[in-house]
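Naming follows writing order (A, B and C), and every chain is counted from residue 1.
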């Protein structure tokens, strides 16, 4: 049984220990809470996912979606228990990546091999071949040698997904991978995710696009500090349920719920140094 | 062409310079990409009082003095780093001015050293002893070994720390080790280029390499080559013109950067476009 | 006791030094607060070094040193901007390139210039006792100019520092205000060279603000306290240098460092500092990290 996670930053990537939970559960979360100082970000969240599930995590901004992912990865201290079968691969938000780093698309995917190989071993030709194939899978085989910074947003996101695939994890975590991305790239990423699930891997994706989550995900987790709802789209995306999560921001029109979107605007972080 | 290097002391300087170019070029890559130029400059400046004390007390010696000063600097800055009100390097700036003030006061009062202050601040061709050359060799080998182990972690955590940390790159530990390696390299390069100019060796060749290369491997090789070239030519210029090597090497580095930038601007058509308007 | 206080004032050199130190420290104290909140410490340090090249070039060209220094300060700011526009480089790298190369060129030029070599120590550490009437006039002019600027645009400069997007939304030309601020910082650096020299400048520019920041909560009280602390330290430093026979510049910086250390330790011991601040919103635009 995996332990409550330690201090932020450097967890052990491998949490594949025997679990008393039912063997089919690839991911089991039991009464997990996370607090940043006085502020409680997650409160007693519990759920289980079987292998091959595509789960969407929904909720307003500040609901704790990213915090949940961080707790699953072990990068924030959390109380409660988290059990993950196998290795975890992560696709963080695109804003965290350095655009000006001297690396090409292939190089980024090859970096995904480092955790698998151990950080002291250099990747070999087999790793580079695998990276090339993964780039093909996301439709960027012809851009393998292009500098990462020269790619569009959608292309970069696809490269980061390929990097996660290179980690060969049993669990795949994605933080808002489709936000602000062009439609073809979104389609490609969703196709890749479905292929992973068909192969038995478990995928957890945070998103604020309810309609998309309803279409694509097998399971929806509606979060606003606590887990408000957990199930299929028909159960979770109901007016009264959404009202509890989005707190008075649901507008009812003729019995159909319409949400006032308060989450789409994202202030880019101020550029440091002050010369701009 | 080799005439400036015929004297034995110049050969020591050349050997030391070529050896130190390896860690300076390789670490410089990370200094540029992680925004550690101010840190490198500050560490260099902070060694000044340590060197003064080391020169005044032969039992300590300048090397041990500078190591102690660099260590003290690290402690002083990290203890106030956590206060968010004082971010932006302000305390670092105060600390390095204080280090210079302490050194200056020591020089004019108790530390009667025969070495002129210029030598400590800007390096000296004559001041590179065999022990210094040996230290350059040790640091070169140590840095190569450490970087061989740390390289993939550095690459991953600099490119995408949010991904690298959960993937097991041990980002914080790598950060700390990098800073320590930079400290060692700075201290070892002091006899050649002096406290005020040593950051130039770390930043300028790597920045120039970044102008010329698009991949990490080529950029790293380029940084080492540029650093070595600038050191060799800078040492020769220092000898011929009778200026301090730290100054000539840094000025030369700046020239190299300017040339590479100009070449890039011409290549990207910037000149054509500007002239056309 | 009174003799002890009055003694330095009997010297004309010292009287000029006191006045110069007070003017320069006051100027640095106020502008240093902008440098602090905008995260421009490295830029200030860089300009302090690169102006040396300008001073030497001015000497060679036969123009006043301050003119050469001012030109180089402007050049430094422009080049930093140009390099930093390239997405591959940060402001940190830009200054990491410019500081050693331009300063190195200046030092090399000094070595090659016969009339200048002997005064390298003065350039580095200042020679406040050699303050001339011209220096004083320059310092007074700089203070008046800065006071005018702050009277006209002070509130806007603070607004841009703390919330740039709001300022722009309100119609202020943030870029222009930036240039104004950098220009005044550059002027301050050039004026302060006489008093403390270039390697100690960061102490005078940053010491009073960081100390004041620990004591004050609003920007203008911080600026006023910073100016006061700066002037106090400058005067105390000169007394110290008179009686202990160390350089004026180093003495002032040592006093400033002691001030900061005492205040920081007192804050930590009383425990008020850090815990209280955590609940205050950190102003947007505060530059992170080093």
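Simple rule for what comes next: a residue touches a chain if its C-beta (ideal position, glycine included) is under 8 Å from a C-beta of that chain, and two chains touch if they have at least 3 such contacts.
A quick note: this is a predicted structure, and the numbers were derived from the prediction, not measured.
Remark: among chain pairs A-B and A-C, A-B carries the greater number of C-beta contacts. Distance from the centre of chain A peaks at C, each centre being the average of the chain's Cα atoms.
When chain centres are taken as C-alpha averages, the shortest distance to the whole-protein C-alpha average belongs to B.
Chain B and chain C have CA centres that are 25 Å apart.
Averaged C-alpha coordinates put the centre of chain A at 40 Å from the centre of chain B.
Our note on geometry: chain A versus chain C, Cα centroid distance of 47 Å, whole angstroms. For chain A, the set of residues touching two or more other chains reads 102. For chain C, residues that reach two or more other chains under the stated contact definition are 38-40, 88-90, 92, 287-289.
Across the assembly, chain B contributes residues 210 that each touch 2 or more other chains. Residues 33, 149, 152-153, 155-156, 158-163, 165-173, 210, 213-216, 219 of chain B are the ones touching chain A in the complex.
Across the interface of their complex, chain C is touched by residues 37, 99-100, 102, 149, 267, 270, 272-276 of chain A. Those residues of chain A that touch chain B in the shared complex are 8-13, 73-75, 88, 90-93, 96-98, 101-104, 107-108, 111, 114-115, 119-120, 122, 147, 160, 163, 167. For chain B in complex with chain C, the residues that touch the partner chain are 31-32, 35-41, 45, 80-98, 100-102, 104-105, 108-109, 117-118, 121-122, 196-197, 199-200, 202-204, 207, 210-211, 241-244, 246-251, 253-255, 257, 261. In the complex of the two chains, the chain C residues touching chain B come out as 35-42, 44-45, 49, 83, 88-90, 92-93, 95-105, 107-108, 111-112, 120-121, 124-125, 199-207, 209-210, 213-214, 244-247, 249-251, 253-254, 256-257, 260, 264, 273-274, 277, 282, 286-290.
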